[in-house]
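Once you scroll down, you'll see the structures, which are given as structure tokens.
Same chain, two partners: subunit A is paired with subunit B first, then with subunit C.
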Partner chain A sequence: MTKPASVRVTVYVAVDPAAAFEVFTAEIDEWYRRGPHNFFDPVRAVAIRFEPGVGGRLLEVYGEGKPREMARVEVWEPGIRLLLRDSRDTEIDVTFEASGDETKVTLEHRGLERLPTAEAESHARFGGRLLIAWFSEYMRERTSA
Partner chain B sequence: MTEYAGQSFPTLCPYLFYEDTGAAMEFLERAFGFRERLVTKDDDGTYRHVEMERGGGVVMMGSPPGHKSPKSLGQVTVGLYLHVDDVDKLYEQAKAAGAELDGEPADQAYGVRSFGARDPEGHQWWFAQPLAG
Partner chain C sequence: MDHTFAALADPTRRQVVELLRDGPRRASEIADALGMSRPAMSRHLRVLRTKGLVDVETATADARERLYQLRPDTFVALQAWLDQLQAYWSEQLGSFKKHAEATRRGRQAR
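Presenting the complex of A and B:
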């Protein structure tokens, strides 16, 4: 019985790669959707943010107490690539590539085979797709404003 | 359109069976101007599910067990008909990519300029641009 190992989602956004990278990282708290399934501790979470640079963390921030590390930054190349690894050794690889007047943004979540099957299936069906959908919808609203 | 898992799907999405989904994806992009939007792979390296888009159209593709493409079936059973903005330009692109072409673009009595082509596994495609006026 096979199970999902990776999911790759691609969208095109109407800004240059540097701006797309900036919005993806610096403005993640603006486009990341609140919801019972979207945080580790959805009751206490008040924000999500990146610590820029290699070795930086993706943090779930609480009103009180220490933030929780969700992933660690392994590659931080503004306008080009962002690679994150979480505590269970799955990787999220995001690339930014100029394509005409747009930027092709590709998010690949790898290592899903290391997760329990149900969770791997859920990530393959929803995880990356939703992240990219939230990001691209925010980009559309931002660039049309 | 139907919204699901953060993406929009046309009401009708053809699902194409390929023996070599990776090669088909590469060809559809190079020859017919499709863009990849979703790729899921299994832990044995096979493609679980692929979606590509062109204009407002989406095709799904993969290699589910028990299904054959025209290549091994020896018979085309369905054709895909797409509307495009510049049929002559797409013809040149398909030709340069080595697509098997049914002929050059031609004006049809029913109001479009179109050409037909086959992908590497023999699926039939038609591309049509409405004639002016």
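Presenting the complex of A and C:
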């Protein structure tokens, strides 16, 4: 009964889709914004990186000790699509699409309605991982009515 | 905010909220719609009310006729939270774009 919930963001990048995919994955540590809320353990985290290919992990790396798995790769199609499933069973779907000289990169974070409320609550302090759902639709209906 | 999420931890209560999106309902209508006994539903409604998700229209004297409805202010707060997630991804993708264009464009030009 609960409606699916997602957020979606699109950017146009002035590189080709293959390069965009490579930067997104291989160089995530160089562009991923640091911040007190953007890591699971911001005090210990020193890097973030992908293990390439289906079944690979998105890892938060620490100075010492084992890295933490943040998500797992379900689709790895260089230049086309990257699909991640995080440990809370939400999905991050990133598509790369040629658009003139640019690449249209669309990121959809969905399955937010599956996030148990207790988890949502405990993640409220992590800027990126928070969420809860079907409200966006509710609000859209309200504001467009 | 914490109260809101605690109230929504229960799937029945999430269904009640879904139902009330279509408009105010009597407690009995809500119970029937979800196939639940009225006393059980009344407990859920009490939680939703004390946590600030719904309120009761007390226009009629008869308690059985009281209408339950969503409190919009609570949903504005939840929407703000969802907006925060969107803002987070916008910021990350903006940074990604900057990095990609700074490194790849230069390389292509060479």
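Points worth noting:
One rule holds for everything that comes next: the second predicted complex is superposed on the first by the 111 of 145 C-alpha atoms of A that agree within 3 Å, B and C clash if a C-alpha of one lies under 4 Å from a C-alpha of the other, contacts with A are read in each partner's own complex, and residues count from 1 in each chain.
Keep this in mind: contacts are C-beta pairs under 8 Å (C-beta built on N, C-alpha and C of every residue); 3 or more make two chains touch, one makes a residue touch a chain.
Every value quoted in this text rests on a predicted model; they were computed, and no experiment measured them.
Of the two partner chains placed by the overlay, subunit B and subunit C both lie in contact with A:Val11. Legend: residue contacts after superposition of the two complexes on their common chain; A:Val75 is shown touching neither subunit B nor subunit C.
In the superposition on chain A, A:Leu59 makes contact with neither subunit B nor subunit C.
Residue contacts after overlaying the shared chain place A:Ala20 against subunit C, while subunit B stays out of touching range. One of subunit B and subunit C touches more residues of subunit A, and that partner is C.
Of the two partner chains, neither subunit B nor subunit C is touched by A:Ala45. Subunit A uses residues 2-3, 5, 7-9, 11-12, 124, 130, 132-134 to touch subunit B in one structure and subunit C in the other.
Put simply, subunit A touches subunit C in their complex at residues 1-3, 5, 7-9, 11-15, 19-20, 23-24, 27, 30-33, 37-38, 105, 107, 109, 112, 116-118, 120-121, 124, 127-128, 130-136, 138-139, 141-142.
Listing the residues of subunit B that touch subunit A in their complex gives 5-7, 35-46, 48. Chain contact summary for the complex, subunit A toward subunit B: residues 2-12, 113, 124-126, 129-130, 132-134.
Of all residues in subunit C, only 1-2, 5-6, 8-9, 11, 14-15, 18, 21, 72, 75-76, 78-79, 81-82, 84-86, 88-101, 103-105, 108 touch subunit A in the complex they form.
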